[in-house]
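In the two complexes that follow, subunit A is the common piece, with subunit B as its partner first and subunit C second.
And now, the complex of A and B:
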């Protein structure tokens, strides 16, 4: 086989003709390079440039704030009857609330629901910059704290002790009182998890650096990332909800299948 | 082929080898000459089993138990029931170096480092869930068809004890891995025990070998789980099956079926082949579920530590009703009296569950006393033909279901976007009102169905064909039932409320009054079965 194909390949090369798809390939390569370069460039400028302490960003943020947030939080972010004061909540709180789509809030309810994000990253950074400029508060964590490169075992233990009573050991979420709940943690970015810990959004308590050190927070994120990246070795997880899901499954599908088979076995042959 | 065995066995002594039966005949003869087994084969081989899907539910439980025994034996090779502390050093990264008991670490080894271990664990656990579920469904079938009536009352008791034993087996097994979930479960048991006045604390210390959690409990539960409880379960299953053979199997009403004859297939060869095949089907389904779906991921829960409790911590489904009962207790049922705390928030559910279990256990005797029926019953009731019993059953199921649902109140709240308080209050109402509503609705439905049956027997079923008579009158033609179908509808026993009669001394006792009033409650609303004369009359009317 190899003997017979090789000459053909060579022959094709010798003709010097371009493959009909070569143009497409070339175009694709070109686009990938340009796009890649652009992203690399824009990403580097974002991290370097979106200096949220710059006056320009703060002014931009103030405009956005006045237009989108002031109705509830007040023109000076001092808070109203409909929303709390944002003075001193820091950039991390804004990045979490707006970055996960919880804010602006869709309606008043037991708690703000996650929904599609309403602002671009730059706008969120601007808003964060404005709120951070009002008073000192927790800042957006640096990338090395949220990269998931810590100790998963330590993180898992800390998670079980500090987080699992509301979020469930597998991060599947859980119920709180009066319709409030702890959301599931699958698919949440490391930055948002970190920000949630330091700012305590909704009903969550604040885990400050005295309580859980930044390294420990990094370990917790590492564990959650491990859970996200590694599916259950036992097969489908049934929502990681524990014995209730298992019980429902065995009654409906397990026993259901078996009852169907008993009917089949005892059916009279035609 | 098995019938060949039975026929050839008795009459062949020396000619066996020459017979064309060859090896089978020779082997059968060899065995029979040494064990006289042919009598037993004849007896059991000819045993008739009626064919109905609901008669296989008990078998499902039995087969699941066999699967549990097989997979459980595998697990005992590798599980170490010790609470000595070690640092985990297996392949699961998020637990590396974490201190835990040997029990937990060996469970993780079974899951990650022993070939086929995780599959066996999952088979064992899924089979356990199926085992108890199949028992539950089997019991419901027995109850609603009245299969517990004389002579089978004792077998109902044995079966119910098996149900309790299965729950005990399940709970002890659930507690063995010493992970967070099982530890939380044990903590609740510990709390319940300590809630018992006077002796609670003593019992708890005795059970755990000191203050909870101690370093004894896993070893003790292991002994119960693999030695004592299975031995009792096997014994009770054997008794249960012996009684099935002694009593012969019940059957649904139908043509040719009565209290003296059983209609069905003989055990050999048809039924044995079906049942044998069915074992592999059940095994196969359990294996399929176990290979595709995670159960009890102990690696998520981590080692037991008395401080954390995970959201969504629940027992396995069969203990759920007890957990739910605890959750349904309104706040403030705990008070201090005589310098002691009386935890009625724990005692009340304990008493309610205890009474419920005892009532279910002795139900056959209660019903027998109320009806005063001393006849043997081998033909089953269709549930509609015993409206009060069916209604009581429905009320019991609703009561159980309310408690059961309460065990997952938090998950109901999150998944249906409700408030936890709302769910609990709704279920509290359902616990009290649900059974009453279910009772009356079920009873009315049963009586309505009986009326419908009566109507069909007497007038046939509507054919949808409209005929114009010569006189101009329109009638819908009713098709009569065939004989077999009619038999099924009319063959049931009728009861009338007992009359109060003075006893030999000419007195009417309180017991008799009670019995008469209960009997009235049972049989006051009734639809009498269609009599032969009624059928004959109806034939005259219509055709």
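And now, the complex of A and C:
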């Protein structure tokens, strides 16, 4: 057997002909290599860009601030009658408010609404860097605190005690007084949830690290991610809004079915 | 014909048209003459299944197919119980188990019901008939006979004569519900005055304020401006569920908030109940006892989610909206030598909703 295969291999080598797919393979390897090298390079430059403590970023942020925010928050971020002082609110507050599109505000209302984000990531980082340079405040959390890899059960208990009364036990949001509301938490990034807890945007209370430790905050984010990624074991959630949505459903569809059946039963057969 | 009182005679459209009403002159009186006349029965229509034997066959097939489906549904429900066990600790299994058993039972019952109704509507005897209404009052003989029966029964049983038997029977019937009353009384606290229990909580002079659920004591410096801490008394976490953990927690839970001291309008007699803008209020709504914890840090309003009572934390938690009748009770707090927040005393009034002795 081995003797018979050897001459064949030798023969293939001798012809010097490449496999028809060799060119394709070579091209693919080349492309992957250049692409990989480029991403590695650009990633390293991007991370250098987001160093929000550099003087260049702060200067850039100050320019953006003067052009976009100073009307309400004052030229030195000291606050005016139209907007609060931003001294000491920290990078986390800026990243949350601008990163979710709440700021710059479109108009005065019961509360600032989520809308399409108005700035690029670099611009948000620059603004955050500028505001953080004014006075110490909460910083943007590190990625490992918001990765959702904590203890979901502990997070659920903390969420029920500290958050569920406003945000609903499934994080579906709920009404507050005079048109204000606690927003739904599904689809909100872990970073923004963390920043909201440490900064207390608008009427939300502050949950500082002595109240809920960074580890516990990570668990809460884990719980919210779990709720988002797993289907409800009870079937249709109806928005997880509880008795209002469920009652409406059963009144319309449950009673509707009964009425339709009654009409059918009493109608004459044709 | 399963109807009575018309001697099995069908009343057809021809019959009802025969009941023409006598011509009456329309005078000034508006009494009997304007009353609605009996329109009689609508003319009888033959159904498709009465005329067309094919349709009849089809209807018959539909009905027995529905009954077969019902059998299939019921058997499927039994099979689903075995095919989708919920022995694993996965909630997804419970969902499948419930869903498939439910679908089977639904099919079993729904197909049975729809089949029966279709049978009745499409195939069963369809001629209209009238059941003549009986007079409600019985004849004199029947009524006299009924009274007679009662008298006979009284004589034969001796109910009126043997008074001891009668009275003991009444006594036994009165005594019968008593065990239920005693058993329900057993649900209430034993050897303890419920008024006393409702009037006091676990808080006492010097009890440290601790975080819910960890039980870690809270320093005044931890409570930054705009914070809301959910607080239990220190030592509560040492209680087991058998020692009244939930009962004590249900009364003692407190919400701790820090406002700017200039925003806080305190009553003169409560000036020393707060610490540097930190105030502590009972979390139990004075309306019906829901936990009030929807705190808005800018308006300083507390909202109860059950009935929308609102309390103003800046003004000693007075009611500003909703059905609650009293302000939330305030827990007087101070700071100990190590900087931890402590209670000065228990609440100075009962927490939570009104009860008999407190209005």
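Note that the second predicted complex is superposed on the first by the 221 of 270 C-alpha atoms of A that agree within 3 Å, B and C clash if a C-alpha of one lies under 4 Å from a C-alpha of the other, contacts with A are read in each partner's own complex, and residues count from 1 in each chain.
Following the convention adopted for this analysis, a contact is a pair of C-beta atoms (placed from the backbone, for glycine too) under 8 Å apart; a residue touches a chain by one contact, two chains touch by 3 or more.
Here the structure is a predicted model, which is why all the values come from computation and not from measurement.
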item	value
Subunit B versus subunit C as contact partner of A:237, first or second or both or neither	first
Which superposed partner A:204 touches (first subunit B, second subunit C, both, neither)	second
Touched partner set for A:136, first subunit B, second subunit C, both or neither	neither
First, second, both or neither for A:156, with subunit B first and subunit C second	first
Winner by number of subunit A residues touched, once subunit B and subunit C are compared	B
Partner chain(s) touched by A:166 [first = subunit B, second = subunit C, both, neither]	both
Partner chain in contact with A:249 - subunit B first, subunit C second, else both or neither	first
Doubly contacted residues of subunit A, that is, touched by subunit B and again by subunit C	157, 161, 165-166, 174, 176-178, 182, 233-235, 265, 268
Residue ranges of subunit B in contact with subunit A within the complex	51-57, 60, 93-98, 111-112, 118, 122, 126, 129-130, 133-134, 137, 180-181, 274, 277-278, 281-282, 285-286, 289, 291-297, 299-302, 305, 307-318, 320, 407-411, 413-414, 417-422
In the complex, subunit C residues that touch subunit A	45, 47-49, 91-92, 94-95, 99, 117, 121-122, 126, 211-213, 218-219, 222-230, 257, 291, 293-299, 301, 303, 305, 310, 321
Contact set on subunit A toward subunit B in their complex	110, 152-153, 155-157, 160-161, 164-170, 172-179, 181-182, 223, 226-227, 232-238, 240-244, 246-251, 253-255, 257-259, 261-263, 265-266, 268
Subunit C contact footprint on subunit A (complex, rising order)	157-158, 161-162, 165-166, 174, 176-178, 180, 182, 200, 202-208, 210-211, 231, 233-235, 264-265, 267-270
